[in-house]
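Notes follow once the structure below has been shown.
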Amino acid sequence: MASAVSSLSRSSGSAVRPLATRDATWVRYTLTAVALGFLALFLLLPLVAVFAEALRRGLGAYITALKDPDGLHALKLTLITAALAVPANLVFGVAAAWCIAKFTFPGKSVLITLIDLPFAVSPVISGLIYVLIFGAQGWYGQYLNAEAPWFPALQAWLIEQDFKIIFAVPGIVLATVFVTFPFVARELIPLMQQQGNDEEYAAITLGANGWQTFWNVTLPNIKWGLFYGVILCNARAMGEFGAVSVVSGHIRGETNTLPLHVEILYNEYQFVGAFAAASVLALLALVTLVLKSLVEWAHARRTA
Amino acid sequence: MSRSHRSVIPGFGLSLGLTITYLSLIVLLPLSAAFIKTSGLTWEEFKTAVFSPRVLASYRISFLASFAAASLNCVFGLIVAWVLVRYPFPGRRVVDALVDLPFALPTAVAGIALTALYAPNGWLGHWLDPIWSSFVHKLADVFPFVDWVGLLGAKLAFDRPGIFIALTFIGLPFVVRTLQPIIEELEPEFEEASASLGANRWQTITRVIFPQLLPALITGFAMAFARALGEYGSVVFISGNMPMRTEITPLLIITKLEQYDYAGATAIAVVMLVASFTLLLIINLLQKWSRRHHAV
Amino acid sequence: MSIIARNITKTFGAYTALNDVSLDVPEGKLVALLGPSGSGKTTLLRIIAGLEFSDPGSGRIDFHGTDVTDIPAGKRGVGFVFQHYALFRHMTVAQNIAFGLTVQPRRERQSAEQIQARVKELLKLIQLDDLGARYPTQLSGGQRQRVALARALAVQPKVLLLDEPFGALDARVRKDLRRWLRQFQREIGITTVFVTHDQEEALELADQVVVMNNAKIEQVGTPQEVYDQPASPFVIEFLGNVNRFAALGHPLPGAGPDVIYVRPHDVDIQRHYEGEHGVRVRVQHVFSAGNYGRVALVRLDNGDTIDAELSRVRLKELGLAAGDEAHVVFRHIRLFPAGAFVERDVAADDATPAVVDAGRDI
């Protein structure tokens, strides 16, 4: 179901059409007005509201709110989480696309469906399943409490280090990895399938080894798709709320990511603070959209 | 590796091994934990967990709101996609990029922004609420289901309409992005053929164009619906979270977790997972159908 | 460098692409693998290149007496030109050509200056001296084709393999390039195998034509051999136009339903004919434009259609028009009973038919 998320393979619409396929002028104007009105109401207005609410008490209050140490810590944690989750899914995405696009093997379509699975799972459930495994009541908790565990040294070390996964940073990263799992792979698989294997074959007949072939031939061909997938993956990683909310424990200044920080401030009626933090996230979203459009534009120009 | 599986392109074992390992560790194993945990329940326990009145109410709310939001997105998504592909207007590229905003904007941000707009003292809420309530009353005189779905007397935010608004925001890009490429690839020949056979524009649209878009429209609907069912972040701020009235199923899972009722939360999660996977299956079949339909 | 392929079988699931195929390519020759799509010709080429492998336990590939079956494609010393060229899109023409030289292990790699010199030399060879800085998308189809060739040659391969080298080009470019390739191959004398489905291309270009059908080799021979002495009904039908009809009047003793093949240029039309081998026909249509005249005829005895080709001078001489009746005589026919075939020359003056069949008299 991710194909709607990834749309790099889309071409941009043709501008001039023959007469038989044109609608009457009043129809065009009406439909355009309806579409723009709907988009303004549902997309533009909420975006404007974020910045307007953040600046409601003036620029000074906004800046003060941005400098909130808990907020800065939340921003830092959000960046760390993305910095861990995105590369992990990047490596996975390239490996998955490589084996799916370059080879035939039984069970391939099942594999493609399984890669899509996290998109079909509610974010809340994405967090829940990690709680089941790593929570105090979960398998990990049982292991820590086991009387005769496997690898007693590991158990002792984990207890000594007080190594927590749930209600701690590792859980947040894991849940984020789960919800952003398919982005890069979904972008690369159709792209690499469409490009075929001929250039790789050519490189190999010319004596290139596997690594040279990937680095010099495959990678330059998929770099836009890769970048595109990374942008989408990163946006989701930084913005994820539901899954992270379940595993984080909401410890202020420790396990709060920026979206969770927004929630806390909002529930405490600190609206300027909440919207100030939200405006940072909205800005990241806008950067994402701009980058995404630039990549689409560059891609369309290359394939034209 | 046996010679029959030999391939000139290297890295099959490594890439497939990495893919399957990572997929198993991150996705399959954790998901199976939910099913394993639930299999520990007796049938009675499971039934109590997933069919208690409060849970049933949450299914109903989630389902109805998601269905309604996906339906509205079909109507406006179709118009937006059509306008973006067919009618050039200044700033089209900016608008086109903006359609992806719900994908890029964190759901929590969307949630508080929509709340700020539609709350009774909000930008839109303070003058839309009265219009809405008189509209609903008039509607209820004609259609009894308005009362049945609990819209009578409901304000926009902090009540059922709020859920619907949030889910509409979340689902819009799915419909638009599914339809756009199909509209782009519509061969003008079909419309020209229709026109040359004497059909007027309306007949051409309803009888030639729309049937070609239908598979994609249904796919887009299913995607928006599936996404809406699981959505949490944008809804919790605007819905008011009243049990039996505006408590969506994902929120109920969180509530159960906060009460340390892991078994109950997991049982509901399993019901949702089964529903989601069924939807995923349907979407995959729809996309196959859509591709085949479109290829002909 | 000669190429020998022995007992190559290749299956893809239930589909057999090559069924126990063996082939010898003599050193320095230009050999065409000719056949319809699905005949296995591209698979054979790719197995020679090392891009595919024959089924486990089957087959062996020798280059000049050395077994290369288990040597990977990059080490076999083959230059492969892909049907759609597979030029690296993100590299310039010069970078494309240099690629094979730059990926060699550091110890064996030539210096940057040497590589540059080699690229320059190749650019000159393919007559694209000034286009080294262009990207593949900025080239025409014919130019891309030549770049692909130069790239393959840069690593000084021992054999050159081309998959449908002219398939993606328009007719005029194709003709020019064909001539260029032929001359070029003669000059450098590299053993070359190319795949084509175009019989005209194979006959015009190759020293030796390998006709393939249904995962098997039907016939190997010089262009003249395969054209004039086709080994099977498939070969005669695939190589150029041919009239095909059931034998009448001269059934072979003991054979099944015989099929007679006559090339259109072996059909002689006569206004008045007294001999024994003539067939009465009606003229259906006369095509008088083109390099030679063509006449569509219908046999009066059984309604079969016959196509005839004759010089425009002869056509004028005959002065045929649709609806006219005439006689035709076959100068040369090939007769295929079930399993075997017979060939005979029928003298235009209607002498005793000469039988030209391997070891079998009628």
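Before moving on, here are some points about what is shown:
Read from first to last, the chains carry the letters A, B and C; within each, the first residue is number 1.
Rule of thumb we're sticking to: a residue touches a chain if its C-beta (ideal position, glycine included) is under 8 Å from a C-beta of that chain, and two chains touch if they have at least 3 such contacts.
As the structure is a computational prediction, the values presented were derived from the model and not from experiment.
If you sketch which chains touch which, every chain touches every other chain without exception.
Across A-C and A-B, it is A-B that has more C-beta pairs touching. In this assembly, the C-alpha centroid of chain B lies 57 Å from the C-alpha centroid of chain C. Between the CA-based centres of chain A and chain C the separation comes to 54 Å, rounded to the whole angstrom.
Here the spacing of chain A and chain B, counted between their Cα centres, is 18 Å.
Across the assembly, chain C contributes residues 50-51, 72-73 that each touch 2 or more other chains. The residues of chain A that reach two or more other chains are 201, 204, 209, listed in rising order.
Shared contact sites, meaning residues of chain B that touch two or more other chains, fall at 8.
Chain A makes touch with chain C in their complex at residues 198-199, 201-209, 212, 216-217, 220-221.
Per the touch definition, chain A reaches chain B in the complex via residues 1, 3-5, 7, 9-15, 17-18, 20-21, 23-24, 27-28, 31-32, 34-36, 38-39, 42-47, 49-50, 53, 91-92, 95-96, 98-100, 102-103, 105, 111, 113-125, 128-133, 135, 137-139, 174, 177-178, 181, 197, 200-201, 204, 209-210, 213-214, 232, 235-236, 238-242, 245-246, 258-260, 262-263, 266, 274-275, 278, 281-282, 285-286, 288-290, 292-293. Residue ranges on chain C touching chain A, taken from their complex, read 49-51, 72-75, 78-80, 82, 84, 86-91, 99-100, 103-104, 151-152, 154-155.
By the touch criterion stated above, chain B contacts chain A in their complex at residues 7-12, 14-16, 18-20, 22-23, 26-31, 33-34, 37, 76, 79-80, 82-89, 93, 95-110, 112-114, 116-117, 123-124, 168-169, 172-174, 177-178, 180-181, 183-184, 188, 191-192, 195-196, 201, 220, 222-223, 226-227, 229-233, 237, 250-251, 253-254, 257, 260, 262, 265-266, 269, 272-273, 276-277, 279-280, 283-284, 287.
Of all residues in chain C, only 50-53, 55-57, 72-73 touch chain B in the complex they form.
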